[in-house]
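Below is one structure; the comments refer to it alone.
Lettered A, B, C, D, E, F, G, H, I and J in written order, each chain numbered from 1.
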């Protein structure tokens, strides 16, 4: 009996295989039949995959059953704090640091006392052409949940 | 000579006056003529206002010149860490903790080595009706900046 | 114009008045017509009260309108970290430290991938007589939310 | 002479074997003859098992004597801080952050100066059907201990 | 209505009055009729006093009713982290850092799986004459509580 | 040339051998001819043993010369912070958090400005029968050291 | 006798007076006769000023003798950690996070084992026009100090 | 399938090979045809190299394809916090701690509300001969980015 | 009844009076008749003064009885963590960071298992002329204490 | 190609060899021809050795070329934070915590605005016989560096 391959190890193998086979995350998502941000997050270890999704991913990437088993596992979610210093990720945290209290005020003004769910939730990313330089557009879309006793 | 009213004190007075006068952030933004997330963030102390914007805001809110002067001040940005435990704000951090590494991968796949700017940047919030419960939709929209030596 | 009385100051006045008038939290909750844990949390600054609830509470406690206004305010939630060292509060954290991963496993086993909501949520506390010493029984009761894209 | 298998390693093997053999925590608890939360916590390394319980668990899971020895060991309790970022576990901490001070007030009101024991203590989890969505109900049940010199 | 005098403010007044009136903690404890460590801890804000104890203490120290009310209050326990750097307090933490794991092993060997209660607990301090220099002898005496489901 | 076996590895081997051979810490201490808390702490890596003590311990436990060498080594003292969350160890820290400032006051009252040494120091643990439940009695006994320039 | 005005309070008064009188840091530096980064740092509390410099600054800013005395004081240096979240300051820390190890390698390659002094040190800032957008150019210039026993 | 060699491992191999072959960072940069600070940072894992750059570096250093693949990888940027205690790196942090707020003031005075980019950015290091001891001169040169909604 | 003036407030008054009266720490020490490092530390709040020392200091500095009372008080020792970022203080910490483990080895080699006391301890500072630049010479001189059970 | 042996691994081998060969740090220093604190620090990884020093040390200790190469390497300085809890090292930190601000005052009084260099710096340790118990005498001796723009 061996432990299940940790999701971080599976993710490292996915990343290596994706690069060596010249596949994009978008191609993987399309083959797996799931949204691209969801698929990327799942392959990096943040969501459990169905057996079919895991099998399909491993087939495309040439990875064995130990990875497949790991991808199906229920994760303990939350990113590595080490990524916080990475500038690409940090800018999102900076935006929250500057705009978080304003978003809180506006959610309460529009919806009342409650939150945007991070569970019944999807996120998308797109490129918007712009003559002054193309833009990264990221959309957080979560169900409003009101405080209800 | 007295020090400039700190922005956190000015924000506390703005919040009190807004509630007592029955004004919404949206109304304040419309009168001031600026986007609503920007206006709310500025009134909470995260952006400097022009003299006209500050004067207009204080007129609407019945606040005196010390607040006006404070709102024009260049801020030291970044939210109070105390807000991190608030559930409405925390859900955004949780979403980044789960999806941050995936967004990094997809930005690099689509744009190459670089970041979404948090300076040449706007954020918007909207309510999307949904039969299963209305949704909070927050859009981060920043210029892509590539690593360039 | 003065800022709204901070909720922590309002809570300190509520605590003082409650003791001096010899009122229990249970009596306050009954008069206000709300569950006792909710009422106590709201008076300590963790929930906004309706104008009627705030007025009723201040009438019972002999507190003025500045407290009433503060109790109606939308809170920034989350307890003071200083309470963490208090033994009565610490035991709950210790229980989570020991049983948290087990609760996670059992929620996933019974419900699938998701969480117990802390927003659509109620908590109750009761005394259960026991010949070996009465027991504190605290019930957390939250809606299950499944990860749904 | 080799060191005893660390409880975290034993737990990883238990988790892998449980999934591969298609056993639920509830089935394991029933076979072992102990409450389900206790059993899950013990198999994850938070309680020592009796030799009979450890033998029974390893028989069901097809694990060898090194795991059995580890499960009998006196633990150093307390969950991995890494689980704190997991949303399923975090919601419990958030609930304590919001309601902890209220629970403290109500324990003192009802019982006097003291604590809910986390040692003479049991915790249970149940599913309560609800037309608005089934609910997770977690009960903390600990003996009251009064400060006694 | 004013808030109750915080226990830290009451403690500062107790300390000042004790020095100015030339009273020892031992004298205070004897007059109040309680053990000296308990009394000192209570006057420093770590235990609630009965109305009689609080009245007696304030009479001896020449302090007014606001201190008396504060001393009767249920405390939020736990020492100021600032005291951790004080050498007199630090040595106790150092002793725990060196001997804590050994004490854990020996409690389990002698009593089984459980803890020394810090609630049903008393602590005493004494001076033991010694030709090589007198010794500080501190005794922790707590009821053993076994893990009991 | 190989590095000396780290004391934490030696301690893990001691713990495993002690359990497998059915020896108590008290038996080990008696054979080694040293106080039981000292012996346990030394075998867990907090004190250097003499060559005779180390040889005797390894003989009793069936451990080889690499452990013997490690036990003789001068340690870098201080417990693993991971043990802080263990309830059996935590109760000692909680007692210090509540009573530390009182002990400081009473040491200064009785002895003047100085500390209880944690170097010229011994600690003992005993079981005291009590009809309400046996008690853990831990005695800290250190030489008083006055601040002396 | 009153304490010396803390340097942070003096800095707040300098900032307010500078804005209200419409003076730039560059003008202040020129009048005082010192480099602009040095002058700004000194007025913000990071360097002691000579009596002449302090008098000149307070004359220009219309500040009284208590500020003058504070500006002459020997500082306890180091920026407020709160500024770390400000994006304008954070970018410098990010640059060090990315390039710090490379700078260390290159200092050792060019100079040997040692450091760039931060005491025998000056820093300058300039604007460099650039068709793609003007650039901020900051120069750190410190004496090399070799490790010398 | 094996994971890509982590960039920290690749950097350790680069460092070893550079020393053993007697190559300077400056020579490596010249052969690779890129600025020396950029090249050093890239070889230490902070920038992705082009396939040509990576091949050239590995050829010069006698390293195999696994290093080459690693050097081409998109990094997660940010230095090891362990380097913070190194005196050569610490002096840069100290300079920012002392001069950071002054640089912020002067950037805003000269350019308005915005930042020096750390992405569209280059850094250079030079030795400046000086009779009092040669000097380390480090230049940060980044595009100004104004806050633009 | 008022609380005793906190030692940090007394220190701020001492610092202000010392500067305004043009007295050096050395002069104060000489008048008080105590070593200069001891005296400076005591006046900054790290040692209790005798009534005579406190009276003498306050006479010299023109400070009133509230300062005198504060200086006699038993302190809670340990420096403000804010001073850690000050370069003059930081260099001592850096030296310990680099040489601490070596000093530990050499104390054990010369004296055996034990420590240099920081209680039976004195520290001195001197200026040593040197043609290459005068030197700061700081001597720590503490009694060796061996681990003695 | 293999990475250079990390300095912490080389130090562990030095420590083991020193003990097994019965050599003192003083003997090693004498053979190597360098001061004893410097030599100990260098062998523990805090200073680079010359090729001759490294060769001599490895010859004496019977260590191979991989250790020799590691000892010559430029270090990333700074002690392991784990040593902070060790009482022998902690006492030095405690002394700085108590006397650091006084040393700062006295350096500024004697030398003006500046620091004691930790780079142009030596430290020595000696045993001073004393009838009340021998003393550890540690001397820090660094060049004064004045703030010079």
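In the analysis below, a residue touches a chain if its C-beta (ideal position, glycine included) is under 8 Å from a C-beta of that chain, and two chains touch if they have at least 3 such contacts.
Composition by chain, UniProt nomenclature: A, B, C, D, E, F, G, H, I, J = Cyanate hydratase.
The shown structure was predicted, so the numbers you read here are calculated from the model rather than taken from an experiment.
The chains touching chain B (Cyanate hydratase) as well as chain H (Cyanate hydratase) are A, G. For A-G, the equivalent interface among the listed pairs B-H, H-J or C-F is C-F, as over half of the contact pairs agree by residue number. In this assembly, the chain whose C-alpha centre lies farthest from chain I (Cyanate hydratase) is A. Here E-F and F-I were compared by C-beta pairs in contact; the pair with more is E-F. Chain C (Cyanate hydratase) and chain D (Cyanate hydratase) have CA centres that are 24 Å apart.
The centroid of the Cα atoms in chain A (Cyanate hydratase) and the matching centroid in chain J (Cyanate hydratase) are 47 Å apart. Note: centroid distance chain E (Cyanate hydratase) to chain I (Cyanate hydratase), computed from Cα atoms, is 29 Å.
Shared contact sites, meaning residues of chain H (Cyanate hydratase) that touch two or more other chains, fall at 76-79, 83, 85-88, 94, 97-98, 104, 108, 114-115, 117-121, 145. Of all possible chain pairings, those that touch are A-B, A-C, A-D, A-G, A-H, B-C, B-D, B-G, B-H, C-D, C-E, C-F, D-E, D-F, E-F, E-I, E-J, F-I, F-J, G-H, G-I, G-J, H-I, H-J, I-J.
Those residues of chain E (Cyanate hydratase) that touch chain F (Cyanate hydratase) in the shared complex are 24-26, 36-37, 40-41, 44, 46, 77-80, 83, 86-89, 91-111, 114-118, 120-121, 123, 125, 127-128, 130, 132-145. By the touch rule above, chain F (Cyanate hydratase) contacts chain C (Cyanate hydratase) in their complex via residues 85, 87, 90, 94, 97-98. Partner chain A (Cyanate hydratase) is touched in their complex by these residues of chain H (Cyanate hydratase): 1-4, 69, 73, 75-79, 118-119. By the touch criterion stated above, chain G (Cyanate hydratase) contacts chain J (Cyanate hydratase) in their complex at residues 35, 38, 47-48, 74, 76, 104, 108, 113-115, 117, 119-122, 145-149. Residues 9, 12-13, 15-17, 19, 61-64, 82-87 of chain F (Cyanate hydratase) are the ones that touch chain D (Cyanate hydratase) when the two sit in their complex.
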